[in-house]
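Structures given as structure tokens follow.
Two complexes come next, and they have one chain in common, subunit A, joined by subunit B in the first and subunit C in the second.
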Partner chain A sequence: MTREDTLKRLDEAGRRLVGESFLRGDVELDPDEVAEFVSPLPNEPTGDLERLDRAVADVVSSHERYETDMDGELAEEVHRSLDVTRRVAGDPGLWHWLAVVKYPEFVRHRWKFTSEAAMREKFLGAGSDLYSNALHRLWWIAELTHDGDDYSLTRTVFDNQTMVNKVFDRWFARYQPAVVAICDELSDEPSWVIDETTRRFNHALTNIQLEGVSEVEARELVRQIVDDVR
Partner chain B sequence: MERGVHDVDDAGWFFFSGGPGAPRYGGDPTKHAVDHDTETFVREVLQNANDQALDDDPVKVTFDLLTLSGADKAAFLDALQWNDGLGDHIQAVASSDNGRSYEDLSKRLDDPESELRLLVVEDENTTGLTGQWDEDSNFAALVRDELYSSKRDDRAGGSYGLGKSVLWTFSGASTVVFNSRLAEAEHETGARRRLIGRTKLPTHRLDDENSSYQGAGWLCRPTEGDNGTRPEAIWDDRAARLAERLLLDRPNTPGTSIMVVDYRDPTRDERRELEELADEFVEAAVKYFWPAIHRGDLEVDVKMNGEERVADVRDVPSIRPFLECFESRDADDTTLDAPGDVAGLDVPLSVPPRWDGEETPDGEVRLAARRASPADDDTLLNRVALFRGAGMVVKYLDQSRVAYGDRNFHAILACGEAKTDHGSTPGDREVERFLRYAEPPEHDDWQSTENLREQYQRGYRKALDEMFDTVRDGLRHLVAKTGGQTRNLTERVRDRFPIHGGRARSRPAPSPSTVFDMSSDSAFDGDRWRFSGHVEPVEDEFEGWTAEISLTGVGEDGARYDDVPIASVRSEHPDVTTDCEDGVARIVAGPDADAVRFDGESERFVEGGVRSGEIGETQLEIRAELETGGS
Partner chain C sequence: MPRETQRHRSTIYPFRYRDEGLQFDVEHYSMNGGGVEALDLPAGQNTIDVDPESPSKTSLADEPWERVTVFGSVEVSGDVLDYLFPPDEQDAPPAKLYVAIRCHDTIYRDSEIIEDPLTEPGEYEVTIRLDWDDFRGRVELRPYLVRTTDRTGDDQYASTRNTKVASGDRYEVVVDRWVDDSPPMIDGEEARFSKSDHLPEGEKLYYLDFRDETRPKLWINADHPRIADVLRSEGSVGAEPRLRDVVLDQISYGVWSQLILRAAGAITRSGDVEYEWQETVLEAFALDLYDVDDIEDAKQLLREDVRDPEELGHLASQIDTELQEFIEPRSQLINLMEEGLRI
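Right after this comes the complex of A and B.
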């Protein structure tokens, strides 16, 4: 990482700036007003924001609106540019700042406004919910699927939106060995197999303590379920 | 009794002077009764206005913050007769032992550079300060009495009169001026406009006089009567002229304008910026009055130096989830599947008979909960907003112990005349009255009170406890990740909630049922589920009942999957028939089936083990309906 820009967070009170007209993209926020609600994160983690700015701009300019493959292209860059621990990534304020203050055009370019509530989640989701905030989800899915510098599984996952939906909206998505096993094993399967396998896997986990399962065991479990399902 | 009067245009400051035996006050005794911050101030002031609503038009309340300096300040102080009475008394207090804050005030007013902040709270479409000094009236309640209230009807938010004391607490000069336009003209004179000021100082002695003063003073026309001198309000044209000079003009609609002189927040040392204050006013108004504002019964504006803001319920993010919950409170759903879903149920409230033995109709209140989304403001997460017809949130009841995992919520308990938009029943009206009397002087809870003891026979405490217990159970049921669903309950069915029995894994899942006692047990025995249980109506008299038993697979995160088909069910009770259809077991019981045991099993699983994902946590659900007499 070359640059070390200080990362910021949007305070709780800053959420009030996000009204319907902002969500629709009809108004921009007043930078002076926003500045009041932005503060550094505890321990001042950093990131290469120039690199991230460039990556976001590239993705926006090279894709039509609402194309899902923006996710796969951007996830690795989001993950590499931000030098944050999982603990820091658990602070919703960081993701609110990135979505609301830094990259609102990306959020609107990627996600169509279908309802106020849905759009609000894309800007203001985060925390324990891996799936909602437009940038938070990219970082977390990359975090859970990368292997050192190898982000090939991250790409594979984002190439298949059924996988993103069926894996990362479930509780077991917080356990990396299970995520790696299930994403890897299911990457070439059709949607209906992914659908049924993740459902059964979730059900089987009521009998098996998830944290006691290694990646190898998780793979075996998934393979066995896939065999039954097909 | 002597009098101290300083006449100007035959209106002036009048202070009761005490003889040797007169009580001494170290300040306003009611000042200390309530925690006074801006939120409390706004809440109390709006409650007073809301309670005095006329029936037709919405109450409109405007908070107007004025800052005066230089010649404007001098002209205002002149109109207030600062140098013709009030100032001397305040100076006298300032030089006494407990008058440090008044000393500061005197200095500031004398300093031409220093600003003076005034707050005018103007309400419209309210009754105004009606009635006489010596009767039980709005006028006497607001400007004469301490801890005494005269409110219009059973819906009114206040029934103690403590609220008005905040007005003086927030005045650095302990001085408040009222200018009122009465909804109904005075009988004798036909007058409609009335102005009076009131100060509440500690007991003090003027330097150049021998008499000591109790502390209560009025800007008024002192009038001689049979019982000595008393302060009389200033009426009509004189009132209008003085109001104009005091910057206390008001529209020609009925209502009262109240000026708090030298407005300051007693809980904060530093003076707040006007913009900050305006934000606090709007937020406090919405936080506690969103039901009234949303229903269009109350409109709140905040003005500062000419700019105006209307309090919009949607502008306060922490309140939006409650609002959505309220709008969908009639939803038939009883489960909260996705964030943003709203589900509700009715909670019974058994109001005891009135004190004179008059029977009261039983009532219900409406509980509705909305599952929180990660995008919601979580300031008031896992709270229940309690309110009734007055449209004021009495309390945000903390129920965070009911939430678990990521299943958080915002909930409302809409009671009395706020229960439904479709007209209130006699039960709703009794609940309204009952809960009003259950509010303590601060109006921030529903609890056992002296008023309840006076108005109702024994049982009021139990009624409240039971209501809150049922609210908690009902909430737990709504929030539970595997709640039941209501299907076509007929009118003859008295079942209040869908009912859960036991579960495959033993987790505490108390039944919220008030109609049945039931329990159940289930286990996997190698190739099928076996289950047993008992169902027992709480009522003694019934025509019969039915219960449906089903098994459902559950995921690690609580997601519900397909039904596990039930193959058979049995009961040895003679007045019961059982059958199975489409994998669901059904018990049909007659009038003699007062306690029924049953057992049964699921279809056999042909293959699959604990790792196959075919067999896992399974929930047994019993849904029962009781038939009582009548139709």
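Right after this comes the complex of A and C.
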């Protein structure tokens, strides 16, 4: 039985609290000031935040700064801890609250400050951009790659950052049968094959209508492209 | 180009394709499994509003719902099938018909199969159920006819399985708008200008509609399906998204120019404007147009310039300069050029 904590959202005005000094980790937000901009989500969806707190703390304490394998360690826990529908997960305010208010130390531990724009994306990205907000990307990639209680493909994806970059920044990554087929078929391939195969797959979709493609057909197409690429 | 010819033209695909070869009509709906009601959409508009919080009060739903079902039909004519499939396949074309369901905000792509296999022309019933938990924002519904087998042959017919060979009009279901966040300053919507008496004739790409001065509305002309498709493309990688950004910049330039001039013309002697969008536009641009620190001073200067024929040319030049800074069209153009060169 999981705990049921009410999930919240940071509203649009609350985003103004996120300045460069916060993004750099030089200052923390004043909890009283933030509270004004935080509210429960509509219909009050819940999650097991104690479990997520624990998972985030474990990952931060057991990894050096900026290690990419934190993603694979945490994605399943983020997905299991947040009992949300696609509709709720489509609310950017949820992810802004998690990144800015709940787990800013994780975001800074995982992502090096290279520019204000890049770090702002890790805190305040979300919506339909799968490869932005530090927590949002973990939940959505897990959502698109898990099979019931089996998160092995999720972990496989995060073991290969080329895969994360080349698959989940593209629009076809919103179609689960294609995601599963591509990630599974390319899991053992070198980066250059992944790069070229995903590019050609995307190009093939100029003519092929994706929503009619089954997972089996997507696998066949990926295998054909890999054979051509090699 | 005569309208009838345009309706049945092929597109740039290297095989036979009918962009509007399927006649898709949604005519009824029901809420939460209740009674079936008739839709009464104005001509040329394919937007079905089921947002209970609709600010325009045009929603079909007056309270929260769990699911909405829309009912309609897709008509596939014999002429279209004969055009799309080679003579040896025309008795039983290897095809399937479905409606693609997409929601940008909930990263949703799926389909509702209508007929598989579809072997003969006819009018096929469509029933699409949308569950509240799966969607937010806008949901797109669009029918496609695709091949279901591979074939060989060096001819003009599609040869690969799942190649789209025909599509039809797109409907959009407005599930909700952002409730807690600020609404967009202007509404945007697609419509076929050729079928809408209130929209301009000709080959316009867009039209900024000020009939309701309180809330301007941007119409995109769905008579240009190739451009409308590009504008709907998602993601940030690839030629279509890059092209989309350039087209959007082009539209933005025209839209902002109009909004600035309209807002400038609405400034009263006391520096006030009547509508929120006018204030937002002035706050965004007035100070940048003049070398002053006080926005009230900037508004007065703008008010005077827009009324002075001798200053109007200078003001137009100044607006052009500011919009080039604001929109930064060079960035998206460079992105598109780099994408093109890579291909």
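Assume the second predicted complex is superposed on the first by the 229 of 230 C-alpha atoms of A that agree within 3 Å, B and C clash if a C-alpha of one lies under 4 Å from a C-alpha of the other, contacts with A are read in each partner's own complex, and residues count from 1 in each chain.
Here, a contact is a pair of C-beta atoms (placed from the backbone, for glycine too) under 8 Å apart; a residue touches a chain by one contact, two chains touch by 3 or more.
Computed from a predicted structure; not experimentally measured.
With subunit A as the common reference for superposition, the partners subunit B and subunit C occupy clashing space.
Of the two partner chains placed by superposition, A:155 touches none, neither subunit B nor subunit C.
In the superposition on chain A, contact of A:12 is made with both subunit B and subunit C.
Of the two partner chains placed by the overlay, only subunit C lies in contact with A:174; subunit B stays clear of it.
By the touch criterion defined above, A:129 lies against subunit B and subunit C together after alignment on the C-alpha atoms of chain A.
In the superposed pair of complexes, A:63 makes contact with neither subunit B nor subunit C.
Within the superposed three-chain model, A:208 lies in touch with subunit B and with subunit C [touch as defined at top].
By the touch criterion defined above, A:85 reaches subunit C but does not reach subunit B. Once the two complexes are laid over each other on the shared chain, residue contacts for A:121 go to subunit B alone; subunit C is not touched. Looking at subunit A, you'll find residues 12, 127-129, 170-171, 202, 207-208, 210 touch subunit B in one structure and subunit C in the other. Within the complex formed with subunit C, the subunit A residues making contact are 9, 11-12, 39, 42, 85-87, 89-91, 93, 127-130, 140, 144, 169-171, 174-175, 202, 207-213, 217. The part of subunit B that touches subunit A in the complex is made up of residues 315-317, 339-340, 373-375, 377, 379, 406, 553-557, 559, 561, 608, 610-617.
On the side of subunit C, the complex with subunit A involves touching residues 13, 15, 96, 98, 100-111, 132-137, 144, 146, 158, 160-164, 179-182, 233-238, 241. The part of subunit A that touches subunit B in the complex is made up of residues 12, 15-16, 92, 117, 120-121, 123-129, 132-133, 170-172, 197, 199-208, 210, 221, 224-225, 228.
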